[in-house]
Amino acid sequence: MQYRRLGSSGLQLSALSFGAWVTFGGQVGRTTARKLIAAAWDNGINFFDNAEGYGHGVAESLMGDVIADLRLPRDGYCVSSKVFFGANEDPRPTQRGLSRKHVTDACHAALRRLRVDYLDLFYCHRPDPDTPVEETVWAMDALVRQGKVLYWGTSEWSVGQIREAHKVARQNHLVAPTMEQPQYNLLHRERVELEYAPLYAEYGMGATVWSPLASGLLTGKYNDGIPEQSRLADPAISWLRGFVIGDPEQRRIERAREFTSLAREFGVAPAPLAIAWCLRNPHVSSVILGATSVDQLLQNLQALEVLETLEEACWHKIRVVAN
Amino acid sequence: MQYRRLGSSGLQLSALSFGAWVTFGGQVGRTTARKLIAAAWDNGINFFDNAEGYGHGVAESLMGDVIADLRLPRDGYCVSSKVFFGANEDPRPTQRGLSRKHVTDACHAALRRLRVDYLDLFYCHRPDPDTPVEETVWAMDALVRQGKVLYWGTSEWSVGQIREAHKVARQNHLVAPTMEQPQYNLLHRERVELEYAPLYAEYGMGATVWSPLASGLLTGKYNDGIPEQSRLADPAISWLRGFVIGDPEQRRIERAREFTSLAREFGVAPAPLAIAWCLRNPHVSSVILGATSVDQLLQNLQALEVLETLEEACWHKIRVVAN
Amino acid sequence: MQYRRLGSSGLQLSALSFGAWVTFGGQVGRTTARKLIAAAWDNGINFFDNAEGYGHGVAESLMGDVIADLRLPRDGYCVSSKVFFGANEDPRPTQRGLSRKHVTDACHAALRRLRVDYLDLFYCHRPDPDTPVEETVWAMDALVRQGKVLYWGTSEWSVGQIREAHKVARQNHLVAPTMEQPQYNLLHRERVELEYAPLYAEYGMGATVWSPLASGLLTGKYNDGIPEQSRLADPAISWLRGFVIGDPEQRRIERAREFTSLAREFGVAPAPLAIAWCLRNPHVSSVILGATSVDQLLQNLQALEVLETLEEACWHKIRVVAN
Amino acid sequence: MQYRRLGSSGLQLSALSFGAWVTFGGQVGRTTARKLIAAAWDNGINFFDNAEGYGHGVAESLMGDVIADLRLPRDGYCVSSKVFFGANEDPRPTQRGLSRKHVTDACHAALRRLRVDYLDLFYCHRPDPDTPVEETVWAMDALVRQGKVLYWGTSEWSVGQIREAHKVARQNHLVAPTMEQPQYNLLHRERVELEYAPLYAEYGMGATVWSPLASGLLTGKYNDGIPEQSRLADPAISWLRGFVIGDPEQRRIERAREFTSLAREFGVAPAPLAIAWCLRNPHVSSVILGATSVDQLLQNLQALEVLETLEEACWHKIRVVAN
């Protein structure tokens, strides 16, 4: 495994990490979850990503149970949670948004579900236009000073919102955010590469990126339509379908076909190639992998080998798809 | 139920909330208290207001017992307490005013009585001329940083006192107050509408208002004198009588008669009309309702319907009473 | 009982308070200690003063046991401790002076001995030339923020040292000291009346004063030599003798004789007169009384009556002795 | 025993202290460890130095067990730990360097191993180029404010790194470092005497120095080669051999021979003479002694006598060796 600093911080995360998004508590039950986390850990993954919004807490409970069961050493791994998920779908108005109450309650609930004394990373899962950034920064600072959170960050915030958080922190001597969790893959590059460009040097911001396979699109599995066993066929998460396929003018399926064709040409599987492509960006601290089987996870982990062995000319060809 | 932000903070309170003032531990015993809080919760109320000064702690103990008994989810509701009640009636000099000792002891006692780990809202129940504002702000900041209080505020403080609290907080990087709890109703408008006017924008101050019915006067129940069963006839709280009826030049009973007459004309009950009138002020975060029976509470909750359905012309007519 | 604010703070202390100095754990055993504290409490005293240096902790353990036994309500009384007593007599070098370690350890030990969760008042018992004031202020701030101490202060510090503590606190946004505990009586006035003069207004400093009877000298009991039963005859505390009698040029015994003669003229006992004299200084927040018997304590408490009833002309005559 | 302030702080450490480096958990087992610590304590040593890196935690566990067994009074002694040891040899990437996670986890682990509620001293064992100094200072500040650490410091940091830590602390009102733990002996003087020279006055920095005997070289035991029983012959710590003997141009063995020859001339043992030489530097707060037997420790403690009795002319002669 390769390890990278979380931005300019001293925390060393595995370049590939394991996320519970969509899978845990859905397709993946306890037996598979245990095998997945064991395989991840055995292969050097030390960062397990989660959120209160993943399966309404079920993903965190499952991960907490499995990690406890596997007796992973607490100081050897990092676990994250996230508060608020953008849509105000929680039936309790007090548990929407990034208010001091929600941030605090969500932290405590995640600690219980994940069975830990502190969260290594705690993200504001989306910006909340209905809470002043100042309130959220003060709340995060209190959690860090109480020892319940080590590093806090944001997920899919705009540059302006991130700057505002840093400004509030500096003015009031509060703990500033350390990392962002943006979507990043061959078909979704603008935020990580352009919008956030000044932030890496300015604040030493780290990026833990999600959806390196564009929700599976880059594996080529939707090149010829949506198979019955795939996540996209699950009516419970039908919203995902639109998210993955996108608008026709984005040509997402066509570009995925071109990409998988290139992968075949290079003699590597498309998934590890797409993941390795993300790792070529030095501002990426960790690429979060989801998986429903150990085989799938192991294949994705081949990205590290691809990264080291693929010739520069091949990467050059991929640029066409990515642009 | 409608939910509103507590000022510019991210906390979403029900526009109508339930307060224990006067009733809990007085006319209202445990059985009724349980029914009232259950009905409030079932109707979407998520803020339960209390104070150490309500029944010398009995109101808080009763509410704490009932909420625990009903197993309300801690992250779904907000509960408040208040320290100091203006009059120095506590036999213990150490428990008068807003000293660091009283603020701290009162918080701990309220946590015990309400059976919670933290207070969502904690108010300085009146200004205390015998304690520097600075001392109180430092004490509140310590409680917030220790996780025992989420939001702190004031009740019936002057603009100058509120500004002073913000100044102290800003200069020393302490947590500033978020909300005020002023009296507000058709017959008592000056402080909320004029005196506090600059504070809403300047500090994002929220207002949780009390006595929307002017202690019952606006229901019309005192239009023809004080009935034997009413709170005002209770000799234990005879001071309330002067407070409600006021001086002759205020014409409070006369204006209440005019108001109830208008309500009859509009075909709505006076109580929900008076409450809805408060809600029309966008600076009001929540209107605190007291009740001695579930029927009374349910009637008051009709204010939300009145607010949505009453024609503008009717509100226009009410202005005459309110001015 | 009369209650006074601790300087400009909001804490209301009884104008007369009860101290364990010299007596507890020495002449006074558990039975008498219990009677004394019960009598003090019954007469409205709400501040019990102590120090780690009084009887090497025995005075605190005794007071803690007795207060627990009497079941005094924690929020109704204030208890103090003090760290470091000037002379480096502790056999453990780590427990001398006002280092962060000694301040922290001493607080924890006092909490245990006094059987409380927090100290209401915690004093630096003497200035420590071997510890930077900055270190002590940071240590006290940490204890206050952790909720283990409510108010911290100094005892017999110079004006310059007190100013330095305030400067450090202001520059680093730390909790500043609230009170001083100086010696004050008719024969020892300079520090309280002249040296500290600017501090009362500048910092709102409160003064809890000790030795109002000049170690008994002002009762007249040493007018004709030292009786066998008195504290001064106890060889274990022989240093006290020099402290009380002083140098010949101070004319302490002569002035005590003049004072007791005046008391006889006014028809009041000398002890309550001397104590009442201290209370006439508005900068005195509380006068600490020591006592070895309930009778003695009750006589001293008559100071409040003397204060209210003695004619101005009498106080005028006392000036001669005091100057 | 002589006691010295830790720099300008108020903490009084024994001028000679006892360190677990190399010996504990290696040559020294539990029985000897108990005898060593008992002898150290009986001779006035009040500072026991340790680190997570000494025997991968075994040295701390052993010391914690023995101190608990001996029932040393917690407020009478000081114990230290250190986080990170320069080489990135920990198999867990999260436990390398001075990240907030490692600093926090290491503190908690040391508290458990040493069986204490707080560390008196906590050092950053080496500078970490892969963590911003700012992150480490914030992490240390949080531990101090939580009461888990009293004084924090550095070990073998450059002047620039120490200055940076103070700058970050001052700008953000955080607790600044108090002490350094550099190597210091007759053959290794530059850092303590020249490089750090401005820091003692500027920040009141204290120095607790290690290896006063240059890993035994100054005892003369390697004058004629490495004996079989010595630490240097232990293959498990063979790296130490190069460290001790050094490069030929340093003439370390030759200078050690000259030094031991001088000691013979003065009629004192070389070890206490070398230790006493360190104590002559007023910027040295404590010299840390390692020992594998009580006899060896007692001999080393004679340094205090040597310091007091050796004539100035003798010290003058030693200068030649030291330069």
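The first chain written gets the first letter, and so on, giving A, B, C and D; residue counts start at 1 in each chain.
One rule holds in what follows: contacts are C-beta pairs under 8 Å (C-beta built on N, C-alpha and C of every residue); 3 or more make two chains touch, one makes a residue touch a chain.
By chain, UniProt protein names: A, B, C, D = Aldo/keto reductase.
Note that the structure is a prediction, hence the values are computed from the model and not measured.
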item: Subunit B (Aldo/keto reductase) against subunit A (Aldo/keto reductase), contact positions shared by both copies (same if over half, else different); value: different
item: Rotation angle (°) superposing Cα atoms of subunit C (Aldo/keto reductase) on subunit D (Aldo/keto reductase), nearest 5; value: 90
item: Most widely separated chain from subunit A (Aldo/keto reductase), with each centre as the mean of CA atoms; value: C
item: Centroid spacing, where centroids are CA-atom means, of subunit A (Aldo/keto reductase) and subunit B (Aldo/keto reductase) in whole angstrom; value: 43
item: Geometric centre distance via CA averages, subunit C (Aldo/keto reductase)-subunit A (Aldo/keto reductase), whole Å; value: 61
item: Subunit A (Aldo/keto reductase), residues touching no fewer than two other chains; value: 145-146, 173
item: Category of the chain touch graph - line, ring, star, complete, other; value: ring
item: Of subunit D (Aldo/keto reductase), residues touching subunit A (Aldo/keto reductase) in the complex; value: 92-102, 104-105, 109, 128, 130-132, 135-136, 138, 142, 145-146, 172-173
item: Subunit C (Aldo/keto reductase) - residues contacting subunit B (Aldo/keto reductase), complex; value: 3, 5, 8-14, 46, 73-78, 118, 120, 144-147, 150-151, 173, 175, 204
